[in-house]
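I've put the structures underneath this note.
Two complexes follow with subunit A in common, the first pairing it with subunit B and the second with subunit C.
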Partner chain A sequence: MPIKVLVAKPGLDGHDRGAKIVARSLRDAGMEVVYTGLHQTPEMIVAAAIQEDVDVIGISILSGAHMTVFPKLMRLLEEGGASDIVVIGGGVVQAADIPKLKAIGVREIFDADATTQDLIDGVERIVREHGRAAARTKLLQANAAP
Partner chain B sequence: MIAQRDLARAISAVENGHGSFAQAAATLPETARTAPAYVVGITGPPGAGKSTVVDRLIENFRSAGETVAVIAVDPSSPFTGGAVLGDRVRMQRHAGDRGVFIRSMASREAGGGLAPTAQEAVRLVERAGFDVVLVETVGVGQVELEVVSVADTIVVVTVPALGDGVQTIKAGLTEIADVFVVNMADRPGANRTAVDLTHMVRESGRETPVLQTIASEGQGVDALFAALQSARGGATNAARAVRFEVLRAVRDRAARSALAKLDEPAARAIFASLAAHACTRRQATDALFELFFTGG
Partner chain C sequence: MNTQVDVAANESLVEAKREWEQLTLLPFAQKRPERREQFRTLGGIALERLYTPADLAEHDYLRDAGFPGQFPYARGPYPTMYRAQPWTMRQIAGFGTAVDTNARFRFLIAQGQTGISTDFDMPTLMGYDSDDERSEGEVGREGVAVDTVDDMLDLYAGIDLEQISVSMTINPTAWILLAMYLVTAEERGFDPAKLAGTIQNDIIKEYISQKEWIFPPRPAMRIVRDTIAYSARSLPRYNPVNVSGYHTREAGSTAIQEVAFTLAAGFAYVEEVLALGIPVDEFAPRLSFFFVSQIDFLEEVAKFRAARRIWARYMHERFGAGKAESMRLRFHCQTAGVSCTAREPLNNIARTAIEALAAVLGGAQSLHTNGYDEALSIPSEAAMKIALRTQQIIAEETGVGNTIDALAGSYAVESLTDEIERGCVAYFQEIEKRGGVVRAIEDNYFQMELADAAFDLHLRKERREREVVGVTKYRDDSQNPHVELHHVDEAASERQLARLAATKARRDPAAVAATLAELVRVAKSDENLMPATIEAVRARVTAGEIVNALRPVFGAYVEKPVF
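The block that comes next holds the complex of A and B.
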């Protein structure tokens, strides 16, 4: 089963070339990538991630608002009962902020030096270690029709 | 309304083969409904504006007080299996609306313009209580017609100047439309395309509406909405869908039954004869057909 990833760009920054390159690279690695486009609010991202039932949310952020966007995103996921969706990020994030983001549950931040292969390997590893396949199977077994 | 999370997970379970449709459906409480969901198929070539039309129609149905689910299919790579599902980009305005549920699906191994489990997804959102289901196909050519098997009413969205009048009399896509939409009607050639389609429709003895829209600005979409509402409840597609489904089932079963007999000595003898140029392909085909299907 392909890994399903939501790629989103929050806020007002209009530069989505990076996000599109990421989407295409993950596609070429055999993943199903939901691309939501520009100007997303955390509410929109979480609603889309829940409807699409993705394994991973990938946030592309260059605006410097990461210390606002990620905490809100993590809170909304928790409120929506969707904390099991893995959140990762990439773009321009100061090194000092990365431990703070990880402390609130962001699994990985890929900086400007990361290659697309680093990203693919990272997503595959994170889903293997923290993915939801097991949880999904359990849900069905619990509700199995007689 | 059922929690969107549960609905989304039920669709994933079927999509990924983690359980049967019945098991997935059992995870959703049955909602009381007075009528089956109205399923509208939106199909047409890539880039014609299908997602934008869907976005506008969501607005119309919501204004009429109905809840709307969208199943939007985009193509999987035949090389890597990966897909970019980008239809949501055009539907952002409805993000905060709990009466709207949008689900993207990759076409995976299916070749008919839908996902292999699109039909199950439609039934799951129906079970979850949505009044209207909009099913958007991948960008299609002329013969990806699978949407016939799921939709009550089919909208074929095209754009001006994709070809001359001859294109409109070719078989396939133009035969399944209940409504034609010439989108991007502000572009040169829109009237010509609409006229060609109108002629084709009349000469076929049909009454299929041919509408012009500029979906990005919402123009003409009210007329499309009205055409859908008037088609609703009519049996426009039911008989066609049943026929399509049954024919497909017959074809699948025939293929399976033939494949099961391929190793029989009589069949091997025919292939050996063909390999030795002792008979033509046509003769071999006739002999195999006789063997497989008429008990010869």
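The block that comes next holds the complex of A and C.
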């Protein structure tokens, strides 16, 4: 089964060049990609992720509102029983904010210097290590343990 | 050139070039090969090793270049150009509340800036009031917040609106902001006939690239039409639309697409207003344009020259324009935000200077130069001062404006000018075949063309066909100089909410309801929207209230996302 990714653009900002390049790059690498389009609220993104049954949500954000968007998104995923969906991000995110985002469960932030290959490798690695299959395996192992 | 003598001269030139390639170039290049098999411009045009008069064999000076201020305006829209006065130096500003941005305007004017340009925050751009739920976290952040005409009064307080031209970067809500501007001018006692300024108001490129929209394309076109028709009658010095290629190029298009999509939008607006029965020469003189100046110097100079020539030809030949003012393309220019890097930000001063020089050699009427902090935040005062000084150095020290269109006649520049024109004409034919601009938007044609071009450019960068100094090449990881950035004032949002609440408390609710009801009635008819909008704004109706009242009439645009 190919990795399924939701590429999402939260907020009012319309800078979608990066999101579209990411979507196309991941699709060309054999993943199944759904792009939300612009002006999404965190609620809309989480609903789409659950409905589309994706492995990964990729948030593209350039407006500076990442410290409000990501915490809300993570909370909604938790409430929706979908915290096994991996969340990653990219865009303009100040270096100082990256550890704070990782602390609430965002797996990776890709900056403008990341190449297409960095991104593909990163998504594959993160899904292998933290994706739903990995989560289930861990759960099974935990249950099988005496 | 088509006389027999010319043909013979051309043949011998082609022969001589072949000989040079065999005898001189080939043996030399075997020892020292060229860096690349093919060189392409940033916009993807194959660049020849050497251009000669043979490349201009079809070029007819009087037909294709002519004189400045004369058809086809390739050499410039005016006969004196910068020998009379330099371009308008117009640095954009906008953050926080109207009071905050007004202080920046006054600083820039004190530094010698000659025009004003206003950036609004995302809620204002998208038609949400500051107290709307969707505005949370975005009020005053990327531009200034304007909810009512009271904000507009403070925004331009102390500035003589009959003396300085004021540009507003505003699109789906442009007609509301224009109404606020007119009420502001009226309440301060200025004569509308003397107001010089511009609203961007180019809704077509919103669907293509900038992505600020409210209503679907067809009602949105009607709004643009109404502003043009209103201005043609009442605002003789005002530019009601600034047809923009900047955002399309910044979103990854080629130079040819930038010009082609922009001029095609211009033609679409012309057709829309013509359908009202207004003669072309009564409104076309006030149409203005906006292009980027990117880093590929020669391609950019050629692009500006080509844009002027194509516009003149189409306005004359297709739309029967007779007045010079209807045919001569005037444009504002901004250096390329995407060419600026977050690493080693001071390098952006050099990039911006080169881009600004291309704009000037391309004949721009007005120019914004980006701050060195462009890739990091909205500009600081210090960054804007150096950016303005860069323009002043070009104007006062280099002398490039003292002769008109200095690069005309360059074999390379003229060849590129021709090539860009050919590329645009091919696009116009394709758009027509697809049923016109609005239809092509609805079918995602422009959006896919742009996505393809942006992806191609991305791959070229990854292959390192395009290097970025300090990032992909000559990268120095040992240090990254620190620059002071614009400070986001977190309290500005609270101040704006208080301002909005104060205006709402002062106004007459009956006048609000009555003017809104009248606006809805007009929107349902085919009457011009401007007078009713002006009345609503005068009654202190907010931009968000106007948009909310009209959404049920016009509908809401929902994109079909493609990548």
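General remarks:
Methods note: the second predicted complex is superposed on the first by the 133 of 146 C-alpha atoms of A that agree within 3 Å, B and C clash if a C-alpha of one lies under 4 Å from a C-alpha of the other, contacts with A are read in each partner's own complex, and residues count from 1 in each chain.
By definition in this document, a contact is a pair of C-beta atoms (placed from the backbone, for glycine too) under 8 Å apart; a residue touches a chain by one contact, two chains touch by 3 or more.
The model shown is predicted, which means the values in this text are computed figures rather than measured ones.
Of the two partner chains placed around the shared chain by superposition, subunit C is the only one that A:G11 touches, whereas subunit B remains out of contact.
By the document's definition of touching, of the two partners only subunit C reaches A:A112; subunit B does not.
When the two complexes are overlaid on their common chain A, residue A:G37 makes contact with subunit B and with subunit C alike. Counting the residues of subunit A touched by each of subunit B and subunit C gives the higher count for B.
Once chain A of one complex is fitted onto chain A of the other, the partner contacts of A:R24 extend to both subunit B and subunit C. Contacts of A:G90 after superposition: neither subunit B nor subunit C is touched.
In the superposed model, A:S63 lies in contact with subunit C only, and not with subunit B.
Note: residues 23-24, 27, 33, 35-37, 41 of subunit A belong to the subunit B contact set and to the subunit C contact set alike, using the contact criterion stated above. Residues of subunit A that touch subunit B in their complex: 1-2, 23-24, 26-37, 39-41, 43-44, 47-48, 50-53, 80-82, 136-137, 139-140, 143-145.
Interface residues of subunit B, counted against subunit A in their complex, comprise 3-5, 8-9, 11-13, 16-20, 22-24, 26-27, 76-77, 80-86, 88-89, 92, 95-96, 101-104, 106. Of all residues in subunit C, those touching subunit A in their complex are 122-123, 125-126, 128, 134, 136-138, 141-142, 210-212, 250-252, 342, 451, 454-455, 458-459, 462, 471, 488, 559-563.
Interface of subunit A with subunit C (complex): residues 7, 11-17, 19-21, 23-24, 27, 33, 35-38, 41, 63-65, 68, 112-113, 115-116.
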